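Chain IDs A, B, C, D and E follow the sequence of writing; residue 1 opens each chain.
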């Protein structure tokens, strides 16, 4: 957590600094080709996968969006947020409400994004005045208070038993299973949000976020109001959380107060850092991590799955302290003479 | 009189970027040597190599002992105080605490207290702000504090990295004067990186000029001051 | 007996490839049947969670070692149990359930947790995968076999436990005041609902209420408030051991010693009453239906000896300490076995039919007189709720208020 | 359109310590004002008061007609203020180019929505400032460093990057805090040359804090000397050099 | 009145649970600059060690003492083999590493001692004494007194000893500290060791009330974190005062404001805390960090 403003200890470097990457990749057509192959894979995959695998991929997209949202406020802007699960849950509840009340799906989606964003904005209006961990403190309260609130308004939320909501069934013209159809919807929305985020984070706004994270005094001198950009980051992050909530409900079809839990927030946070803080790909990798690590751990020993995921987490960070997104960079460095830079880090 | 500190063909690199390509120099016991060079020549890196802060090759010996592979705190405990470039103060501690941390390896409390007084005499600015947090000091005051902290260790060898940076002209002259006195009193040896060559030459007897990681010229200060290119690049006029 | 619209197998949850006479469902072969349990095996509910895995694993471990169980179709099969950790998170329970199907299990048994099982229930019924003998007292799982033909609970519902105790109070025929502490979720609500429905219109009156969050570390303040009411009875719908003990101790410290009701979850003599000094109260009641394996009173009991032995032999790597859930899970093993012997085809539908045809089964670890019956629709397999009272040594059938 | 900077009776104190007391000064549009004084005199603090990082306990700060104290500090960049820091504050993990681009923040149009949609106007503006940034870096001899990470540069070069960052906002008032510290004599000469060069191309008022009297003499039109938070004297560099009070408080006899 | 006193006393007792943990969080933060999410599972692990000693028949006090010593080395070991790799890097990564440790240690505890609750004997008797019409349990008093004593010791350590100064120096700037000859690595190990030892005390203190399970302190950790931050993260006194504040405010809100009720009472201290932080961003007793430009 960015407790003390140590100038040297900022978060991971932005992706793609390495410059002279393999020259093949530099070729525009190669890149376009690669991208097309990737898109084809993503779109074609569900047709040949088991329903469970399709479901897993759907959940990867869901949590990738949640992680991305957290990344915006925490990775890029440096404001520790321990409440992302609350926005996720709120988005899911709003969706559930909309679906059960027969709202138009697009309207439901907009509401599922907008309401968390508004709440995030309101919280941030107050919280962004604080510095460092005090903000974390405020965000911690969101899940803590959110859960009893969700239980109390049980006519809307279904109380502690939660709500099962069936929606987003495959239209018959598509010839798809429900799982496949939901996969496409979720992946499409997620992709759109990733594109928006990546645009936002490159250029003027992204640089403003970064300087708020690294040095608020400099930010001010550059015409960046730390307060306003923190509020913006929180709002966007909550919006992404809400969107992830909508997608979550699309995937799981069930929501309960547990969805809001602090535990989920911490897992999302871990996924963000392990994926790679302040990187777009990192958020996607974080989603993969979130979904697959418990799965892999259970394959090793179902009775000790949590413990094994703890080990996996530590091992990944041991090898790649900058997160999974730094894997290519690390591999490149290892290949180039194996000269590890241990001594420099000794200070 | 053999050399107290000896660097022989020292290389250093950050990660895979090599920065020093064979630097050699020697500091006699009780002697003072300067390092000159342009921005990015590798002056700071040379000092860091001595203190074990970068990966190094070649040989570095202090009092007959090899320093290569030691950690910074191990080097410091051998009696080498390094006043780093930039703000090397402990910002969250008070001025007084900074000085005490400087004296961490020393045991004699009375002597330490005495030295604190001496430092405060030397830097009256610090005396005024003795219980203020170091981070609130002005740039120059922080620089003074960093030097004072180095002195508090009562080292055998003092590594100064642009100690005059940000000091007002008169203060800089005073500080260098005081360090010179200290040196005479306690047979302190030193290695001095300094952009203000005129100032450095008030302290050192000889100097080395670095250029892109290599020592390209070294000799007694009179000899160096005589050379045209040195005058032009480092002394002016 | 079981009202189920097993008309068309068209939905095709498990499409068997080979075209034999009877298509067997996934998860069952000539000599093996595989079940999955999604349950919390990490986090705060991991204690009871691991127990739900351990009990049935121990039971089936013994049977497997004896060569397996003879099924109704004449074949002898061993039983494999797979566990899936959901950490009490419904999303992970759903994911686990889908994984189970993917892994080809025959059905989902035993899972602990109301929200987790609720999240799975629609999927299970859509996919026509058995989800039975669930370790939760929420009434939804057994209430509507028409709507959820593949789902069945196991232990008595929380409502019925609360009701039984309420009835006991009403039967006393005198005005009684009750102070209620309830966990703020379905668990607590159901107990209170049962109590309320039983005492409606009687002289028994609830005079103080408090709730706590499962995450709370203390309930002292709530007890202070309840004690203020000076009620005759303290109805403690509490699923957390530490809080149950705390509430007993705090009540004593405040000099409030009413009669106490404890739910089956947290009424163990050794784990709750002893540390909580339950002897200080004029009466401690519970509706526990299983024997407490930790209680020295049962040390010689045949069931318990066998249970201890099997647990040590077959599930010591899962848990070495026991709560009632271990016993329930073990008893559920017996219920499964009973269903297997009645299952004439290696299909899920046949299994469900068998599951819903158990009558008067005397399962091990259940208190004497408590039996398993699945033929009555709308109630869980263990539905007899007997209020017992602590006699200073163990629970015995209560003689009334 | 260089800015006129006017300070009237600016005072600043921190819990009893008077850092600045009734400092008034004026920088004419397009001139270079030197600010000198011993360590701890309050020079940086004065900059902080102008840029809004500190809030003066009394007095007024005006940039042309704008009352700087009434604006939020982050708005000042919008009215043409830019500054560097005594202790360079770069984003060490970002490239030099990214660091410099930050300076363009107040110049670039568009809010979060137009940037996340990459509207053509934003894309065009972004390309433009990238070109400008590279040009600036070239001009200050840092063209080779564009894609290096800032922490790979030696300390002395950070000052240059900071200067480019400040210049990219096209300021009309530029505050430079010890820009020549850590430069060797030869490099100082180059620095002086590039600032002169800059003044020709850009109409900008500059206030510079510097302990290097050569720089002060070469660049400034007027000098204000601070001591213990008070204005000691005001005049040309030459006058300051000769003023006995300044010699005593600041320069020292030997200088 | 009696009710009020009782609620306050109960709140202090609950707050002391948070305080016990918060003190260890403050210690780690002050000594290494990190937030340690694993503090809860470390304390639980230590308590299990004490529990194992108790099971071998040792007296409780001796068992706890032994566990404190073992924990010290255990904490130092964790720093050396796990945390060391991440020092000097991004804080976020280090924090997530502690999250990983948290999961791992809880898993190990569950594996070794299983997940069901264990009864842990208390050092203090069960009796209670009347105070202003309220009944105050001796256990609660014992907890509160111990917490205060530990707080005092920590305060002394940091402000009056050379070790404390060295720990603080290292947590702020490792490079500079090393250049002054401070054995950075060893100091960090000591910091973690002390925190783990403190965890053992805290765990043993609250275990009789909470019952020993691997997740005994999971929820308390959240409030302990809140308390540490509200207190100022670098102030032991602040952490304890804030923890008590949370416990008491929560009880009074639940007891006197009916629409808030037991379910939402925790929102009250959280909201108040927020207001306090807006006024004093450095926390109740924290030092305002001077950020100079």
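Quick note on the criterion: a contact is a pair of C-beta atoms (placed from the backbone, for glycine too) under 8 Å apart; a residue touches a chain by one contact, two chains touch by 3 or more.
By chain, with names taken from UniProt: A, E = Branched-chain amino acid ABC transporter permease; B, D = ABC transporter ATP-binding protein.
Quick caveat, the model's predicted, so the values are computed rather than measured.
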{"item": "Other chains in touch with both subunit C and subunit E", "value": "A"}
{"item": "Taking each chain's C-alpha mean as its centre, the one farthest from subunit B", "value": "C"}
{"item": "By count of C-beta pairs in contact, the leading pair of chains", "value": "A-E"}
{"item": "Far-end chain from subunit E, centres as C-alpha averages", "value": "D"}
{"item": "Subunit A and subunit B, separation of their C-alpha mean positions in angstrom", "value": "47"}
{"item": "Where subunit A and subunit D are represented by their mean Cα positions, the distance between them in whole Å", "value": "39"}
{"item": "Where subunit C and subunit D are represented by their mean Cα positions, the distance between them in whole Å", "value": "73"}
{"item": "Set of subunit D residues in contact with two or more other chains", "value": "44, 53, 85-86, 89"}
{"item": "For subunit B, residues that touch 2 or more chains besides their own", "value": "14, 53, 71-72, 92, 136-137"}
{"item": "Where subunit C touches two or more other chains at once, by residue number", "value": "41-43, 50, 184, 213"}
{"item": "Interface residues, subunit C side, partner subunit A - complex", "value": "41-43, 50, 53, 82-85, 87-92, 94-95, 98-99, 101-102, 114-115, 118-119, 121-123, 138, 140, 184-187, 189, 213, 317-318"}
{"item": "Residues on subunit B engaged by subunit D in the complex (per definition of touch)", "value": "14, 17, 36-41, 44, 85-87, 125, 136-141, 143-144, 162, 165-174, 195, 197, 232-236"}
{"item": "Of all residues in subunit D, those that touch subunit E in their complex", "value": "44, 48, 53, 85-86, 89"}
{"item": "Subunit E to subunit D touching residues, read off their complex", "value": "293"}
{"item": "Interfacial residue positions of subunit A with respect to subunit E in the complex", "value": "1-6, 8-12, 74-75, 80, 126-127, 129-131, 133-134, 136-138, 140-141, 144-145, 148-149, 151-152, 216-218, 221, 262, 266, 269-270, 273-274, 277, 304, 306-311, 313-314, 317-318, 321-323, 345, 347"}
